[in-house]
Amino acid sequence: MRQVFPVVVVVAVIVALWYLACVPMNIHTALTDAERAGVAVTPEGAAVRRDMSAIGLALANPGQWGDTLAQDKPRLPAPHQVVAELWDTTVEKKVTSKRSLIYHGWVTLSATLLGFAIGTVAGIVLAVGIVHSRAMDMSVMPWAIASQTIPILAIAPMIIVVLNSVGVQGLVPKAIISAYLSFFPVVVGMVKGLRSPDAMQFDLLRTYSASRGETFWKLRLPASVPYLFASLKVGIAASLVGAIVGELPTGAVRGLGARLLTGSYYGQTIQIWSALFATAILAAILVALIAGMERATLRRMGLGR
Amino acid sequence: MTEVTETAGTAAPVIAARGLDLTFQTNDGPVHALKGVDLDIGKGDFVSFIGPSGCGKTTFLRCIAALETPTGGTLTVNGMTPDEARRARAYGYVFQAAGLYPWRTIAGNIKLPLEIMGFSRAEREERVKKVLELVDLEGFGGKFPWQLSGGMQQRASIARALSFDADILLMDEPFGALDEIVRDHLNEELLKLWSRTGKTIGFVTHSIPEAVYLSTRIVVMSPRPGRITDVIESPLPRERPLDIRDTPEFLEIAHRVREGLRAGHAYD
Amino acid sequence: MTLVAAALVLWALLWLLNVRLANGSASGTRAVQLGVPLIFGLTLLVMWELIVRGLNVPGVILPAPTEIVARISRETPTLWADFRQTFLKGALSGYAIGCTAAFLTAILIDRSDFLRRGLLPVGSFVAALPIVGTAPILVMWYGFDWQSKAAVVVLMVFFPMLVNIVAGLSETTQMQRDQMKTWAASYWQGFWKLRLPAAMPFIFNGLKISSTLALIGAIVAEFFGSPIVGMGFRISTSVGQLALDMVWAEIVVAALAGSAFYGIVALIERWVTFWHPSQRR
Amino acid sequence: SHADNSVKLQLQWVTQAQFAGYYVALEKGFYEEEGLEVTILPGGPDIAPPQVLAGGGADAMLNWMPSALAAREKGLPVVNIAQPFKSSGLMLTCWKDTGITGPQDFKGKTIGVWFFGNEYPFLSWMSQEGISTDGGDDGVTVLKQGFNVDPLIQRQADCISTMTYNEYGQVLDAGVSEDELVTFKYEDMGVATLEDGIYVLEENLKDEMFKEKMVKFVRASMKGWKYAEENPGEAAEIVLEYDETGAQTEAHQKRMMGEIAKLTAGSNGALAEEDFQRTVDTLLAGGSDPVISKQPEGAWTHEITDAALQ
Amino acid sequence: MTEVTETAGTAAPVIAARGLDLTFQTNDGPVHALKGVDLDIGKGDFVSFIGPSGCGKTTFLRCIAALETPTGGTLTVNGMTPDEARRARAYGYVFQAAGLYPWRTIAGNIKLPLEIMGFSRAEREERVKKVLELVDLEGFGGKFPWQLSGGMQQRASIARALSFDADILLMDEPFGALDEIVRDHLNEELLKLWSRTGKTIGFVTHSIPEAVYLSTRIVVMSPRPGRITDVIESPLPRERPLDIRDTPEFLEIAHRVREGLRAGHAYD
């Protein structure tokens, strides 16, 4: 209860502000519609209203407030419209239907999970290399940082085309883009984690004359587990973004990214917003799952207190 | 600085240092951590190292355990180089902090060196049981380190160093973080263990009473550069009840150690 | 094929050189610390060039580095105009606004435990909204010019900054806070003299993360509507014109600008948090 | 390697009635009758069909001729083998209340244009009118328009690019009535360029097997188009069936099909030479930044359509 | 447990605790950190608190400084509540670790409370100079904490607590981390300072000799629940050279303290 109450209050405040914001955001369209329907509004003429402040218009035409919350393609859809759309496209539709967000969510999720797996494995391998080889440490790290300054949306189509030309299609190209985004936090976290044991703990193993392998398995790896989970939580969210970005240049036929994009082609703001929320909910679920795994693992390792 | 101090009685020394130098290269120029250190430690000796902070006590212990490489002089352990001795697993090393791995239980921590050294599963179990008894921790094997008090953790770490029966036990301020009463108790236990097993022990401490109470010899060091200023042989019997510390002989040695220390001490 | 083989041989040679440099006696020097990554990058470039030429990869799929360089030198004014539009106007202003907003929110959250428990979970939910969905909305709201790009950047950097500042502000130890109490210090005295300096390493961590996010955000937002200048605009239209060398020229500028931005923030960090163990040697 | 019967067709936009002919041919089994196995790859804002073609990801692509000719000059020799679209559906849609009545009124106005290859006809047009595209009072301020009609509805732009069959309908859907708008069809302005032709790589045409496959493909596709023209309602349903995003609406696709039918009506699939030349002339007239610099050679062939339509 | 121990001689006590209780509510149930503590500390007293880990020494000091709120009993400082005394800036508190801010120089650290309390710039400079001399750190004002040894840091932290001339100095194991020689030295300095300034000092330590050497009264505590088991008045003169520690009186008191301690001690 102590946890939930503040969240509920904050959400309630946000929803209230959201409703308030809908009025000025949508007032221009509402007035134009009303004018077309023959209702008198002040002032008359869309061109006249064009540069007028939205709040001023809203105050001048209180009669149209209701209309701002019930438009087909509003600038800002009202919360209940988004919720209704979410409800309609998840619960009301069969999960196999193309109009079901669960179906599209699943498509995105499968690329996300594959990409996340690839990214995590690549990240761990790279981190192990960096920790064990000075040459790799010095050469790879700066470029790993630089790689994250490249806008993924720009190279995603190229990745798709290049992979396409060597015959790789379908899930894998999307997964690779998603892996590109998720490997970085894993590398950074794992390098930190693998280096986290202090000098004394390494010295201890030296007095046992333990090999590099033993040091890795018995000290570095277990010590890095908390760091790994912390970066996995960042990584899975990045994977999801990557999978969505990857959907755009693959024809955007299926998946949440495709929903976002087609929603945007046809100006279907309600559809965009519901896809956005679906994505955020999916991200929250994925992060929560990892957090759950983290808690269980750490507890088993005696690290969860 | 001092003459070579030969251990009387025992044959070949277990640890023999001759003109040992160690200089660290740092950004602020070289630091002479050890300079011309000569010392022999015989089998079954209990040698304490005492001296102000930064005088090279830890460094010397680390040289013996082959955790640092001297930049001059010679150092042999059982006639081998320290590194060979390390590979032969001659050392049990107890660090200042307990340094238990938090993701392993107490028993798991003690098993760690045994796993690395390839003891069989059955033998591992048996040895863990034995050393846990030795340090009075029966029944705590399944607990994680953080579920134990500092004193108990330190005992577990000693148990870990004892588990594989190394001949030489090196202890770097093992009781530094404990309160006086617990410390007294562990001192007593350590003495008992030493007389029972006859191990050779190198022991670093900041406490004069502790050094005097435990050792057969007390090595007083002084810094910049780190060197041995005095080696005091203790005439106390091997059997030492706690209240031996109120006897005049004890106070006499303690006084000598304090004087030696003060001589080499420049505040900070 | 020989070119490809040459590329592989070269790779092996330069990698060996790097291994020797990194493990050699001079490995601590500044020259080697800069040289090793440079050699590594150079290796990648040469490999790229040789493989593109060796396998006859069409320029409309992947241009060779030399073509990209040629394009950069030919189109410098265009690249500069794009850089100004996207980086100086969109990314930097968004970065500044986002970081400032996060800072003010962090203070608010810091003063009220209720807000902390309410806002942080909601904030992390909002942060999970993917930029490809939010960017079109913000372009719709804030128009086609850099203002909407700045808005996207604000949205991207706000939460990472907030989390880091909040974590940083609670970084002080109980003892340090108690100390302030024994001196009967006010909230703001404690804030300016203790908690803010102590939070600096975290704040800079956030600033560094955000520095790479800012440029990416501004570029991606331009994909969803822009005036006819800007790095994102150029990238997306050049792909349509099959001017892949131009696309890569912009990507190079983006990577350079992003890395330089990151580097500058890291330098300031060194200077401000000189006292932190990670910055001392 | 072209011995098999598979054909991959890269569209230049998402699944919609604009491509109805191909979907109809697929659904109705026209391709199957020719012994072909056709895969239709939807496009999107990030996909450059010539790039996909060059990468070997597709055997044939749909493209606007300006973009295809530009690719040809860039060193990617693509050849038009069929032209199912006779006329252009591109137009500018403006608010009437901005006072725009003719192209010269564009000066000082803000105009949304699609880029990604679709900007060429606009730039040629403006340069023919002598209007600069760098903003200011004497020129137009060009916006890179997104993928919807918001900029017009929100009045961020005075005019936007629309297709007769798609965005124009969206504007009307938004509640705007036709008499609030002024439209300029490129076709009427004499600056129309050819849209939605079928292109393949030149080198592939040296392969007889491939040619044969394309003959079958064009024949079946044209059959699909003519069927779609005659049965627009059914064609729209088929398109909806193939739309995997589930975002298209029936009303929208039906109207689109109606408009598309007008554009394909005049074509039997073969490229009309005078249309080609008009496109080239328009492009060559382009001002400072010409799309193509010289009359293209070998950019089209009648070989396939001749064989297909015999 | 014990009788109320009144300070003889002095009039109203500076610190007066009556039946002080403090119970922490934790997840594992309540922890009785202090129970029924009665103690008076007079002006100019030097009171040491000694006892096993967890007996509530720190908690008691924190109650005095208004860093914890007692759950029962009364506590007055100079006749005010502790919180009022805190606001009146009556305390200089020295924590176990030096707790210097690494981003401020030594002088900057010492200036910190002065800035907070609104001293003028000139006066700040002057006071910093004075206390730096007092703790033998002239010339180190411009250095950063990490450039100094642990002992010097601890002295800087004492200087900081002294800089604003609070009447009451509360010190929680200030010398715990130092080596014996440095500790001896600082003990001497502290005694000098105390006799020069006549401050009232509350001092927590684990070391019996330290407690006996410094204090006018030694409060022995025992845990679970934390309470006072013994209060030992020291008959030693105010003037105390270091070798007073070898006198029989000294050893006698030390012995008494050790007995008191051992009685209340249960290992771990």
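Labels for the chains are A, B, C, D and E, by order of writing; each one numbers its residues from 1.
By definition in this document, contacts are C-beta pairs under 8 Å (C-beta built on N, C-alpha and C of every residue); 3 or more make two chains touch, one makes a residue touch a chain.
Remember, predicted model here, so these are calculated numbers, not experimental data.
Counted as hops between touching chains, the shortest connection from chain D to chain E is 2. The minimal number of chain-to-chain contact steps leading from chain A to chain D is 1. Shared contact partners of chain A and chain C comprise D. By number of C-beta pairs in contact, the leading pair of chains is A-C. For the pair chain B and chain D, the distance between C-alpha centroids works out to 84 Å.
Annotation: 38 Å between the Cα-based centres of chain C and chain D. Centre-to-centre, using mean CA coordinates, chain C is 50 Å away from chain E.
In this assembly, the C-alpha centroid of chain B lies 50 Å from the C-alpha centroid of chain C.
Touching two or more other chains at once are residues 45-46, 48, 51, 54-55, 146, 150, 154 of chain D.
In chain E, no position touches at least two other chains. Among the residues of chain A, those touching two or more other chains are numbered 75, 153, 157, 161-162, 165, 248, 261, 264. Every pair of chains meeting the contact definition is listed here: A-B, A-C, A-D, B-E, C-D, C-E.
Of all residues in chain A, those touching chain B in their complex are 200-201, 203-210, 214, 218-219, 222-223, 225, 301-303, 305. The part of chain D that touches chain C in the complex is made up of residues 45-46, 48, 50-51, 54-55, 67, 70-71, 74-76, 115-119, 133, 141-146, 150-151, 154, 156. On the chain E side of its complex with chain C, the touching residues are 62, 65-67, 86-89, 91-93, 95, 97, 99, 101-103, 112-113, 115-117, 144, 146, 164.
Interface residues of chain B facing chain E in the complex, by the touch rule stated above, are 52-54, 148-152, 179-182, 185, 206-208, 246, 251, 255, 261-262, 265, 267-268. Listing the residues of chain C that touch chain D in their complex gives 58-61, 136, 139-140, 143-144, 222-228, 233, 236-237, 239-244.
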